[in-house]
Amino acid sequence: MHIHALDSYCPGTSPVHRLDPRVKLLLTGLFILTAALLPEREWGAFGVMEGLVLLTTLLSRVGLLRVQRRSAVALPFALAAVTAVFATPGRVLWTVPFLGGTLSITESGVVRFLSILARSYLSIQAAVLLAATTPFPDLLWGMRALRLPRPLVAIVGFLYRYLFVLADEARRMLQAREARSAAPDGRGGGTVAWRARVTGSMAGILFLRSYERSERIYMAMLARGYDGTVRTLSPPSLRPTDWIVGALVGGVLGLILLWGRM
Amino acid sequence: MLFSTLHPAPILMHIPDGFLSPMVALVGWVIAAVGVGLALWRSREALGERQIPLMGVLAAFIFAAQMLNFTVAGGTSGHLIGGALAAILLGPWAGILTMTTVVAVQAILFQDGGLLVMGANITNMAIVACLVGYGVYRGVRLLAGERRWGLLAGGFAAAWTSVVVAAVACAVELGFSGTSPIGIALPAMAGVHALIGIGEGLITLGALALISVARPDLVEMGRAKAAGGFRWTLVGLAVALALTLLSPLASPYPDGLERVAENLGFIEAAQEAPYTVIPDYTFPGLSNEALATIAAGVVGTIIVFGLAVGLASLYRRRRAAEA
Amino acid sequence: MSALREGERPMEACVEVRGLRFTYPDGREALRGIDLTVAPGEKVALVGPNGAGKSTLLLILAGLLHGEGEVRLFGEPLDDRNVKRMRSRIGLVFQDPDDQLFSPTVFDDVAYGPLYAGLPEEEVNRRVAWALSQMGLEGFAERLSHHLSVGEKKRVAVATVLSMRPEVLLLDEPTSGLDPRARRRLIGLLAELPQTMLVATHDMRLVAELLPRTVVLDGGRVVADGPTAEILSDEHLLEAHGLERP
């Protein structure tokens, strides 16, 4: 077990990996937007989009299973949409007895629920692919190139860098707590409230260490000439392949949307 | 085993893509852009060139602190979300900025929360949580004067309220999107997060207690960065009030919940939408409609909560098996 | 060694400190009157127990803390106007490489100094390649800092400073936390560097191998200053200040 398991990047040299991060960011955004704008019950269009994702996954060689497994993280949220099944007006399919009354499941409710799931699952697969085929630092300069506020991107860069350092510290603190607690499964003693407060103390210690670290980092930056501005090298220019792939995939997504909304 | 405890714990409030309508997602982005823009500018004024390293490392702190968990019961565990703690320690603007980057990295790196709906998630977990949390905190501290219980009670109340109100904002967005009728989503989200909020409150309190002993100057850092205590309380109240006013409108199918209530036999005849801000019943005594709405909400909560617990335990078992 | 009479200062001593005092905001006195001169090309060890003031002295020399007393770098008194220029001539390597390496990738970190010095992009790229090769890190540019071993991090940390082409290197505990092999590698690489060096360390073997002159600090004062061989053979001195022979 190592904290590196947190990193979702999956190294490789596939055409998907080599595509310019700006193009990948834009295409991922466009893909998710297309899924969101497609009307309900456009199963054909949803199917074509799934085909697009699977094709890209195969091209990227990060593994179909890996992408599917990571995509499953959004599933628990689906229950937020479950209520749509019996709260959307429409033709009644089934009535289920419930707490003395009945709940009626409507056809349009089921369609709505399934459409939400389809959009959600398509979007998350695209996001998983983006993270799996693009090193985070490349995403950072991609974001900068797409005109996100530079200080904000710089802060995200620091978050990414120190996430691993501080997560390691958090892990050591948890290990130390587990080493001292008598219960084998870390249940520990005391009441729930007491355990929560102890966790709070750990968070407090972590805060103090983080704060002191930020002061040392600030000094390390000053020592190398930091003056409050954000400076970076200019990004490389897009290759012809990037333009072609961007235009092609963008065009296909446009066609899917047109087809779905006609 | 430790791997599963260390993986960024999924937070119920991270809305994935697909669950919000494009219109709601757009509104979320507009609010987020304005809020984050203001936060960038104001925290820059307060922190100067330290802004970038300080915000970046403390955002990483919030991220790592979310991994510190404690056992509640039956294998479930609680952990920090952090909006109120960030706002109290750093001031509301810097708090918003740190939480925004946390939400963004969780979405981009771990797909915890969607990309198109990121604006809405930033609105809930960064802007609403920090403004409301900070407002409550300053309110309690004003009441308590310089006494220590003000810090602890203020921290607890701020954390609890920030989580619950952020959950309400989430429910309102789901309602406007037609994903889940507001009458079910709101009590369900608020109910679940009223419990989660207790853990949040206790962790926040524990953290503040420790920091106030070890480095009292740092607890006041946020205060120095945001003058005008009472104004912040008003801002927090205004955000909470705006959400309350919005929630009755938050449904493209205003009759959705009514239908459920009707089917369940709670309503004989529902002539009017039960979502008016001030329902036309007379005090004292609630009308049947209002009761029916509440009853339907409770039923919805039970369904959703039951499903949530079931799924969570399945999910946890799989995680444990993987590790 | 420091037998310098008045008016006989060496031309342009790199570092010249007179009566330097420093008190932390919490009232702790870290330095209580330090005198130290380092000539160009000298390699000086700064040893002494924890809390002796070694790191504080390095931070002041890098212009990151302000003490009382006289600090002259390259013949000029250090002040707010020239501090930025001085920092490019004096490279400080922090003890914890996780503080020093604050960028996501090795390239970004090594390029940081040259970039903020306002150098053109081709020059920045050249400097990065050169600094990495100096520390035996060819091919590391695209690596992520958090994926490096401690030994690699320490070497990258030195490279981030070398890319600024400083004349003086201030190193704080360069070998702490390294396993024997990584430590050997680092000492070997440091031995190749031509820069003037001031190295704060507990590693007495590093001192014996790399640094001909040793300054012993204790309680914020210089208690000994002389050739390393002499100081390391003075058992009373070493014992009195909590040091051990290599």
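The chains carry the letters A, B and C, assigned in the order they are written, with residues numbered from 1 in each.
Keep this in mind: a contact is a pair of C-beta atoms (placed from the backbone, for glycine too) under 8 Å apart; a residue touches a chain by one contact, two chains touch by 3 or more.
Source: prediction; values computed, not measured.
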{"item": "Arrangement of touching chains [line / ring / star / complete / other]", "value": "line"}
{"item": "Closest chain to global C-alpha mean, per-chain Cα centroids", "value": "A"}
{"item": "Most contacted chain pair (by C-beta pair count)", "value": "A-B"}
{"item": "Approximate Å spacing (C-alpha centroids) for the pair subunit A, subunit B", "value": "19"}
{"item": "Averaged-CA centre spacing for the pair subunit C and subunit A, given as whole angstrom", "value": "42"}
{"item": "Chain centre separation (subunit B, subunit C; CA means) in Å", "value": "48"}
{"item": "Contacts with 2+ other chains: residues of subunit C", "value": "102"}
{"item": "Junction residues of subunit A, two or more chains touched", "value": "7, 136, 157-158, 160-162, 165, 213, 217, 221, 226-227"}
{"item": "Multi-chain contact residues (two or more partners), subunit B", "value": "53"}
{"item": "Touching residues on subunit A, where the partner in the complex is subunit C", "value": "4, 7, 135-137, 140, 157-158, 160-162, 164-165, 213, 216-217, 219-227, 231-234"}
{"item": "Sites on subunit A touched by subunit B in the complex", "value": "1, 3, 5-8, 28-29, 32-33, 35-37, 70-71, 73-77, 79-84, 86-89, 95, 98-104, 112, 116-124, 127-128, 130-131, 136, 139, 149, 151-152, 154-163, 165-167, 169-171, 173-175, 178, 185-188, 192-193, 195-208, 210-211, 213-214, 217-218, 221, 226-228, 230"}
{"item": "Residue numbers on subunit C that touch subunit A, as the complex places them", "value": "59, 62, 64, 84, 87-88, 91-92, 94, 96, 98-105, 108, 111-113, 115-117, 121, 124-125, 142, 144-147, 160-161, 164"}
{"item": "Subunit B residues touching subunit A - in the complex, by the definition given at the top", "value": "2-3, 5-8, 10, 12, 14-19, 21-22, 25, 36-37, 40, 44, 48-61, 63-65, 67-73, 78-80, 85, 89, 97-98, 100-102, 104-105, 107-112, 114-116, 174, 178-181, 184-185, 198-199, 202-211, 214-215, 218, 253, 255-257, 259-260, 263-266, 299-300, 303-304, 307-308, 311-312, 315, 323"}
